[in-house]
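In the two assemblies presented below, chain A is common to both, partnered first by chain B and then by chain C.
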Partner chain A sequence: MTTSLRARAGTAGFLLPALVVVAVFYLVPNLLNFALAFTDWSAYKDTIAFTGLANFRELLQEGALSTGLRVTVIYAVVVMIAQNLAGLLLAFALEKPSRVHAFFRAMFFLPVLISPLAAGYVFKALLADDGPLNRAAGIEVSWLGSTTWTIVVVALVNAWKFMGVNMLVYIAGLNAIPGELLESARTDGASRWRTIRSIQLPLLAPAITFNFVTTLIGAFNTFDIVFAMTNGGPGDSTQVLNMFIQQQYAQGYYGYSISMGLLLLLLVCAVAFPLLLTLRRREVDA
Partner chain B sequence: MKRTLLSLLLATTLLASCGNPMAKTESQSFPQAATDLNGVTLTVWQSNTLQAGYKSLFADFEKATGAKIRPEIFPDPYESNLLTKWATGTRPDLMIFQSTASFMRRLDPAKNLYDLTGQDFVAKQRFGLAKTAAVLDGKNYGLSLEPPSVFGLWYNKQLVPKPPTNLTELVSTCKTIKRSGATPLYDAGGDQWTTQILPFMLWTDAMKAGLQDKLNDNQAQWTDPAVVDALKAYKSLVTEGCFNSNLKTGTYAEQQEKFVAGQVAMIPQGTWISSDFVKSVGVATMNQNMGWQALSTTSPTAAYSTTFSVQMPRTGNAKQEQAAAAFLKFASGAGYQHFVDVQKQAPALTGFTTPSEVPAATQAAYAALESDGTSYPQLFAADFGPFPTYMSKLINGSSTPEQVAADLQAAWAKSAKTAGLTGF
Partner chain C sequence: MRTIKYVALSVVAGLVIGVPLWMVLVNAAKPFAEARTPGFGLPHDWALVDNFRTVLTEGRAGVGLLNSLLITAGSVAFILIAGSMAAWVFGRSASRPVRLLFYASIVGILVPAPVITSVYLDAQLGLQGTRLSLIGLYAGVYLSLAIFLITGFVRSVPRELEEAAQLEGAGRLRIFATIVFPLLGPVLFAAGIVLWVFIWNDFFYAFFLLSGESRQTLPLGLFAVVSSNSHSTNWNYVFADVIVVSLPLVLVFVLGQRRILAGVMAGGIKG
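What follows is the complex of A and B.
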């Protein structure tokens, strides 16, 4: 066996357990699940029959799907921008290792550990019409009663809850930048802003790629925070696709709801892969 | 690519030939109730909203028979959570589930549940439950231990000396109360589900007069003027400022709180709210301050919304099924009076006495139901979609009453078609 073959066999040996786990617990169940998207499986029938693209045709005819898609995309974009911006600002503020910074890093990471449902219910109470926020500020804003802006409010709560993860990834990225680069920039008289713009941000590109893509995927798959804060309301203005899927499943339309799940997966892929490729092209080596 | 598609097709075909895990075909007669139950453990699926009576009933049964009961509690929305597990083919020994026809249909009861028609306890059911609760295609599949929840108008006796009995009176009462500075009506648009109740109440007259039968037979549609007019009436009450100012975001908890505090004159609610009021203010204060009135568009007709019933799935395990049958016998016989006393509710079976702790308002609701009420919300043949969401859109101005009616009809047609109802 050549060295190259031995190396390949070694790599395969390391990969195999992970591949088996992914295949058994993710890939195969999902493939079997998505096969059901092409059936009429429902709570009302004894049999499951192959119906081709009937579920998808019905989906396209229903207005609720377009509403769900629009809401989900708006939600995901707001979360992606807000969560990354907040995470990045926090990372620059708390970049250097110190006890004070370690304390604040822990504080900003704390919301990540809270249950999304609990966070949603807490904010629902805080943002109630006669809740603590309005009373403290002496204002009368219906934060959760607007068919236009409530989706943004809920997305910002999501960003608040998970910005700690982005912060940590950005801090790790900043700390991986070679110190001599920053030092030579300082020696050359570069300002703080110039250093960030010309050195830190370009070298942070892998972290940016990771954070943007994972945030986007997470936001597309949201359910719990929205469920707790608005239950999809007012009206259906915050009814993200997963809530619509759950609603259809609860009504016993199993095949139909699975077809929506498949559509959501395709949507995530359609948005995430181009984003991933675009961001990867921007990455540079130190 | 071709191989992938072929694999998918193969998987689909295999699944299709496997059949639905819900399906099960058995035809045994109702099992004899067992007498020696030592060593038997019965699994009971139930909602997390069941009150203390069930816990004491289970304990009494365990003490009397030596059997063990293992409750499996489903969180809200328990109906869909329970159906999700049901869809996997898992079966409990007993389940305390919704008794509406459309929910029963999803269980395919003719194959999956024991038919209880003809059992002694079915004949003893009050409030017409034997003919309306857990009934599908003329067969009875459930034992209702609780009286049904009745839709109606809870009112504050000080703020509303003469409660309205129809829509015209409701509108004028609203104007009078508004002038006094109090909030006439409270609905919880934030939680959404409470907003269905007033339309349901307003539909009662038309549904009782035959609209429901026509809907079930596809001889009428949800866009019927009676349905639309009730939705228009609700919207008009919103426009006239009869509801709480935070209607869009109000919650069920706040609805209770404001009503108990005397800040709200009337709330459209089910009698399920009674136990919460008993806990918060006690029966004496309730009797002093709170009244209950049946109300529909033109008459004071009560409609019961829904009720739990105990159903017995076919598990294929004779010993377990005999123990489950023993539980039904005990629950409707030797153990029932204690259940009623702990629940502090009127009995749903004849031959038992109503505890003294049942508030007068709740008793008024049961009396209205027994005298001239209807159980129409139980008897829809199919589903009409997420009605609370449609109502929320109406309240927020993103749907008109006509659009809500059209949404109800679209969901109804889809559900009826999926269920394979004749005439659709």
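What follows is the complex of A and C.
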């Protein structure tokens, strides 16, 4: 009896440091979202009062919600496609281990190490109207001044910055495919394309799941790159949800800002969990 | 065929990686007037040393470096140690409550920390603006990933060694410190790298949680350099600072490239 009690106390002791920190600094702020989003907490009042759905009504009426959602979803979809496509192409090109491949892997992984804020500033300079790219190519493309296309440009910079991670995960997935499978496909006379489509892509399912889910969640929560490149502009055409949250917070409308934060939280949950489950189920079937 | 592939890869890498890199390097070496509209040409007058000196003194990059080191090392060390301790229990116990706690502690992989309510919480705790509040937030979010990766690894480690030590009367803490923890080397290395890169480069959370110049991290310093001139951006200083912010990680990467890529890949498969 005493030994089992002591064992249990020992177990609790090992769990405690991690669980306390997760509870205090992660779970509590997430739960506070559900309370403070319904208040008028701001820099202009000494007290915090419950205001029901007022913040959400304002989000709807001001159009902030529809703009934020539209921009964020476009951004996330472009990032998810571009980043995974780039990662997959690079993985197929650099799949086999060799010195040359190791060099190129390292090159394409380099942007992962750069702070996203720094990457944003670099491309802001590169793509400016009178910037080096336009001058060197002799073109006049307003990369960062279009209310339609700039969101796509910024999303592509996001894909540039993180494609190295997707590449590595796909390479790991490709290397985990048993050599005999590819060998027997070759003896059966299967073309390269056929091998990719019928053997490699289906067996990459776990890597695809991982990459799609992480890329999508990362893109929903984007801030640094957009903040550096466009600060939400031109107009509000690159106003992703976190940009809105930051701007309202900076103006002192804390409760209002948190109500958008709560919607972002719900959006991530609504997309991430079903996607994870669907992709996992397909993995098992395959 | 192979030659064509290598030429194609070189062209792509040159355009996609080489061009931005070149722009940063040459413009970080130009004096202010020349870098006003950044270009691809080499500098007429070289001001690389001057620019670095300005960034280090006026841009407070030295303070930024210290704070980034302190905050990143503190967070990663805590996450790996506390994460391993918890992961050992999670990996060895099949009981229902423990499994529920496991799921509760890995939610952070999918759902990020909300930033404004963290500021509110830190004010209540008397931590507002401090480095400790930021370390707490990083630990709170990223313990999820560490626990997930390490637990998977613990499950693949045989129990025999631990049981033998237990029979010889070793306590749990001793078994953990002398037997389990050293065995976790590969996964701690992989998780440590990923966490280090996340935390070192983070601007978003630091921007909200830290206050005061003396506490600013390298990315906050970069933002300060960009915002310092309200009329036009001092691109020469900005690019010099981009180098300062990026160089530590890039240097470590170049030195340990092979192990780092292999480590990150191993982590990816588990996920």
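Quick note on the criterion: the second predicted complex is superposed on the first by the 259 of 286 C-alpha atoms of A that agree within 3 Å, B and C clash if a C-alpha of one lies under 4 Å from a C-alpha of the other, contacts with A are read in each partner's own complex, and residues count from 1 in each chain.
Convention: contacts are C-beta pairs under 8 Å (C-beta built on N, C-alpha and C of every residue); 3 or more make two chains touch, one makes a residue touch a chain.
Just so it is clear, the structure is predicted and the values come from calculations on it, not from any experiment.
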Partner chain in contact with A:N231 - chain B first, chain C second, else both or neither: first
Touched chain A residues, chain B compared with chain C: C
Chain B versus chain C as contact partner of A:G145, first or second or both or neither: first
Contacts of A:L36 with chain B and chain C, given as first, second, both or neither: both
Partner chain in contact with A:K45 - chain B first, chain C second, else both or neither: first
Contacts of A:A137 with chain B and chain C, given as first, second, both or neither: neither
First, second, both or neither for A:Y254, with chain B first and chain C second: both
Contact residues of chain A, present in both the chain B and the chain C interface: 32, 36, 41, 128, 130, 246, 249, 254
Residue ranges of chain A in contact with chain C within the complex: 7, 10-11, 14-15, 17-19, 21-22, 24-30, 32-33, 36, 41, 93-94, 100, 102, 104-118, 121-123, 125-126, 128, 130-133, 135-136, 160, 165, 168-169, 171-173, 175-176, 206-207, 210, 213-214, 217, 221, 223-224, 227-228, 242, 245-246, 249, 254, 257-258, 261-262, 265, 268-269, 272-273, 276
Contacting residues of chain A [partner chain B, same complex]: 31-32, 34-36, 38-50, 128-130, 142, 144-145, 147, 230-237, 239, 246-247, 249-254
Chain A-touching residues of chain B, taken from the complex the two chains share: 7-8, 11-13, 15-16, 18-20, 22-23, 77, 79-80, 83-84, 86-87, 105-106, 108, 111, 189-192, 245-246, 248-249, 251, 383, 385-386, 389, 392-393, 395-399, 415, 418-420
Chain A contact footprint on chain C (complex, rising order): 5-6, 9, 13, 16-17, 19-21, 23-24, 27, 37-40, 78, 81-83, 85-86, 88-89, 93, 98, 101, 104-105, 108, 110-118, 120-121, 136-137, 139-141, 143-144, 147, 172, 176, 197, 200-204, 207-208, 218-219, 222-223, 226, 233, 235, 238-239, 242, 245-246, 249-250, 253-254, 257-258, 261, 264-266, 268-269, 271
